[in-house]
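Please see the structure below; I have some questions.
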Amino acid sequence: MISFKNDYSEGAYTGILEKMLEQNTIQNAGYGEDIHCQRAKKAIEKKLCCEDCAIHFLVGGTQANLTVISHCLKPYQGVIAADSGHINVHETGAIEATGHKVIAMPCQYGKLSVADVQKALDIHTDEHMVQPKMVYVSNPTEVGTLYTKKELEQLRDFCREKDLIFYLDGARMASALTAPDNDIAFEAYQNLVDILYIGGTKCGALFGEAVVFFKKALQKDFRFSIKQKGAMLAKGWLLGIQFETLFENHVYEELGKYANDMAKKIERAISKKGYSFAFPHCSNQLFPIFPDDVLKKLEKEFAFTFWEKTDEKHTAIRIVTSWATKEDNVNKLIEAIERS
Amino acid sequence: MISFKNDYSEGAYTGILEKMLEQNTIQNAGYGEDIHCQRAKKAIEKKLCCEDCAIHFLVGGTQANLTVISHCLKPYQGVIAADSGHINVHETGAIEATGHKVIAMPCQYGKLSVADVQKALDIHTDEHMVQPKMVYVSNPTEVGTLYTKKELEQLRDFCREKDLIFYLDGARMASALTAPDNDIAFEAYQNLVDILYIGGTKCGALFGEAVVFFKKALQKDFRFSIKQKGAMLAKGWLLGIQFETLFENHVYEELGKYANDMAKKIERAISKKGYSFAFPHCSNQLFPIFPDDVLKKLEKEFAFTFWEKTDEKHTAIRIVTSWATKEDNVNKLIEAIERS
Amino acid sequence: MISFKNDYSEGAYTGILEKMLEQNTIQNAGYGEDIHCQRAKKAIEKKLCCEDCAIHFLVGGTQANLTVISHCLKPYQGVIAADSGHINVHETGAIEATGHKVIAMPCQYGKLSVADVQKALDIHTDEHMVQPKMVYVSNPTEVGTLYTKKELEQLRDFCREKDLIFYLDGARMASALTAPDNDIAFEAYQNLVDILYIGGTKCGALFGEAVVFFKKALQKDFRFSIKQKGAMLAKGWLLGIQFETLFENHVYEELGKYANDMAKKIERAISKKGYSFAFPHCSNQLFPIFPDDVLKKLEKEFAFTFWEKTDEKHTAIRIVTSWATKEDNVNKLIEAIERS
Amino acid sequence: MISFKNDYSEGAYTGILEKMLEQNTIQNAGYGEDIHCQRAKKAIEKKLCCEDCAIHFLVGGTQANLTVISHCLKPYQGVIAADSGHINVHETGAIEATGHKVIAMPCQYGKLSVADVQKALDIHTDEHMVQPKMVYVSNPTEVGTLYTKKELEQLRDFCREKDLIFYLDGARMASALTAPDNDIAFEAYQNLVDILYIGGTKCGALFGEAVVFFKKALQKDFRFSIKQKGAMLAKGWLLGIQFETLFENHVYEELGKYANDMAKKIERAISKKGYSFAFPHCSNQLFPIFPDDVLKKLEKEFAFTFWEKTDEKHTAIRIVTSWATKEDNVNKLIEAIERS
């Protein structure tokens, strides 16, 4: 069975494991206070063209989100997100478990607009409701779509006007950065959002996410929060080695581009065959709608994620590619689609 | 500088990294539902001689503690621990952050006795105080001492009588199992405690802790808690590979024994020189008390953890050995001590 | 200015204050362990025709909801509610502050149906989402509508089938019980829901809510939760005296009926005048839609709660009557409406 | 049976209930935004000689403590208290339930010193431990002792130096203010602490505590916290009426003085008889040590709170007087002691 279920089915870009092996017996300071984390931070800062930000490495995405959000909010404050936002449904109430309401707004294509945020503010007017204090977006979104630079600028301006913290979850940032339609350079993010999380797990690392505070005041004492939430890796240099490897050259972008290319190939084959998509294709995720009998045949050889029934005889599924997707497998899938 | 500060300054037993590299491009199911985790569980069950327990792999120790404790307790319940217990001081209030009081009892040599637990119960008598519901111990303790089998049996019997959950943190279990004075076989734990956490991070793994529920009723829905606390690793098989490697043969015990042997060598040299110890030596941690001038000299070449001033001219420090401690470095330290 | 803004603008049914004054210097046991609380419980049990339930008195509604819900749920469990439910918006994230997600479902007329609950279950399928474990409804709802007995039976049956706790917030129970369209006798509740909260604050008491656990297993150690949440009144007998007074005779129902009657009078006048309502009128709350110029005039003499703009020239407001509403003021309002 | 168990066994200063009855049918704004709360605030400000503080009324003491502390602290911060402090043991983990560690320091006579706070800071040095951020003291303490002005000044100076919030729980402030040994005028508190809670429940009110923020920056958005914690009374003016009555004249002090006088009378009788005390007598609480046979006789007529066994044949108990203690009952107790 060949899986297109997700982008975390394989290990890591080989250079990472090789470096871990090479460095294996060298002593390092614990808890992220080592030389590899330092180097990785420098490398990321350089890519971001930002010298005055604060970077912390965490192990996973839900962990990063809950640690950042609970660190920044007062107990009575909430975070506004698209209803499809990862923090709203797919984190088992992790944000609520730290005491904060996720104010979920119905959104099209997974993208939150200024109008959505305004609507959330309109219904939270006084101390009988939570106080909206943060806006959470993902880029790419959970359904693979991308924000334009203009959209993020509008959200940023609105957040500044309303004194809201603007936080961007970039779990698949490698894919966003290298998507054909992307118009946001990596170095532009410092002027767009207050906090950025750059994904490792889904972009070539074994695990690990880099949280970047552009608004440095927000990161005061952040290491206390990391430790308290169980997110401080004893052997923190393992995170350093990974981000160092991904960012010191162009590995991160190359891996992202490869994933996007593979998705594009599949998308063309599906479109050519005349099938439609539940969401416009932008990055390394595809949401084709197949007739059920076609899907049944495909599922004999390939594993996908079920998305939703679109009508009685059709089903939308999710196909995800990654740095590790074998082109050979992509070709096999394309052939199977063409045959269908 | 040669560090004896802790047992997490190096990477992992080489076999682990080699296996990760070997398996790197093979697709696995995510979130711990893969074949390596299955194998690792089987291997641990076999070592524990226990077929009817539930095992879950988490990334780190604070994470394991906060996830287990918050999963098991009702909101108004507390956990009794030695005042030196890891959960009481060194986890940045992680347990309290999940809503639970750590009922810390002053203890000698880091070990909680039935009398201590009774005392905690005596002062928590009704609904105006938290309800003690769990007893937390570490073996080895945070100061390197060991429980005897009899001591754990007494605690177990008392816990059963009082309907308390008995949880043992074995972050350094490899060292406990192979310590010269240890009288508790691995397979005995199933009859001693309700929940056991078997440490990986400090015992040869890159990271990872195995939580074993002997009392299976307690683990109902535990995967929800793992996910909610940000403790569910996307590429869960990385934990599987590690514990598989450590437990399918005798690697875990061998690494523990090696660490203990290195500590023993150092301990003999210190004793021979006439220095005393803040705590009796039992496992891979030593707490020698050095004259300050001696310490000053040693610290030019070696890094230790400061423990406490014992008087105006003496200081207790912590020396930790591990699977990765080079015997050569141990010899250098011994020579330096002998010269002092 | 005559206020119809809410049903908690005046003190209490006079008999309550008189009894407090009469009993003022008599010593009572603290924390609800007094004879008045005992009597009040007996009186409520008698009205409910239920001898085997557990009753606790709390001070306020948000407090009752957060204490009950956090007591019953495991950390990873959530509560399903109508999006208009009090716990979803108007409690400043009180439920989330105890760690639990409110799974808010869009509902018509403030009423949750079996289909809504099923939909919530459909999208919460595994450990990556919270586990729905409780269903919360209000009767009357926040928009004054009533559940029929059949509707509650359907929800009850579904909850039993799915092992969900069924909790009913009766902050305005006096109004529900005596509403013209009500078909649920007080003694029927024991067979409909697992937990019931009977409102005092809005039904003639100075303050206070009675939480009734019909499913007694759920109330184990509830007094610990009451104390921990700051909800245990030192002079608990003040709650006892109030519920004793309301329930030993028919005061509770009489006060509820009076409030409903006053609302009905106003409703007739509004309907007669040809204005419509945002929600069907069922209990002591009315949501008339007035032309803005009419409203402007009315607001010179009367205070209402703004509900929403229904179009450019019309506004829905909320009018609430209570046991304390003076008929004289109702007549003045009716005259003003007729004049409008 | 005549109870000396506590100072919350009777209702309220009669003037309070009379005023409630008098105002009963007058409409007031809800949630503390009424004219009585305004007046009460003015009256308290006047007594405190402080025009620039922010005052909020809450219902009970545990509630006040948990709301204030959780409002002021970041998630990873803890509060330092005497181990006998109310928040440490007698609030069922209410502070921990909001996520914060109570750093309990062993103290003599219930009083925290600068040395104790320094010791707490010494053992909380980095992000692996909670960050101490608040110092909590009670005056009178839980064992009836009083701080001197100098002691509070020292704590204040130390708190300022270390950037710690200084919070004083004055649940029995009426007794503190009027104790024979007290040297702290009410108007001095504004220069001593950052936040003060002035007790009503134990000082003549039915219920209610006034939280005074002298450091106004700390109270930003405090009403959100009040609401979220279930502490916002719908009929908030009930709190206003009570504090208005207690503070517009000298009622509060008179009630406190009376309670102290009654305690003094009893203390003299006990001392005269030759019995000793577990703690020095300072306010309205006495902790005499009686021979067990004497106690047994006394307990036939009088109810006390058991404190602790002091040796095999002696027991320390707690005797509490209040504004409501009948002098006649005091005389009866004295006679019984004399006879013993």
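By letter and in written order, the chains are A, B, C and D; residue numbering begins at 1 in each of them.
Here, a contact is a pair of C-beta atoms (placed from the backbone, for glycine too) under 8 Å apart; a residue touches a chain by one contact, two chains touch by 3 or more.
Quick caveat, the model's predicted, so the values are computed rather than measured.
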If you tally contacting C-beta pairs, which comes out ahead, C-D or B-C? Let me know.
-> C-D
Report the chain whose mean Cα position is at the greatest distance from that of chain D.
-> A
Whole-Å distance, C-alpha centre of chain C to that of chain D, is 34
So what's the Cα centroid distance for chain B and chain D, whole Å?
-> 42
Please report how many Å separate the Cα centroid of chain B from that of chain C, as a whole number.
-> 50
In chain C, which residues are in touch with two or more of the other chains?
-> 75-76, 91-93, 97-99, 127-128, 130, 224, 227-228, 232
Chain C-touching residues of chain A, taken from the complex the two chains share | 75-76, 78, 89-93, 96-102, 123, 127-130
Residue set of chain C touching chain D in the complex reads 2-3, 5-6, 8-12, 14, 17-18, 20-21, 23-30, 59-67, 91-94, 97-98, 201-202, 206-207, 224, 227-235, 238, 324, 326
Per the touch rule above, chain D residues touching chain A in the complex are 31, 70-71, 74-76, 98-99, 127-128, 130-131, 221, 223-228, 232
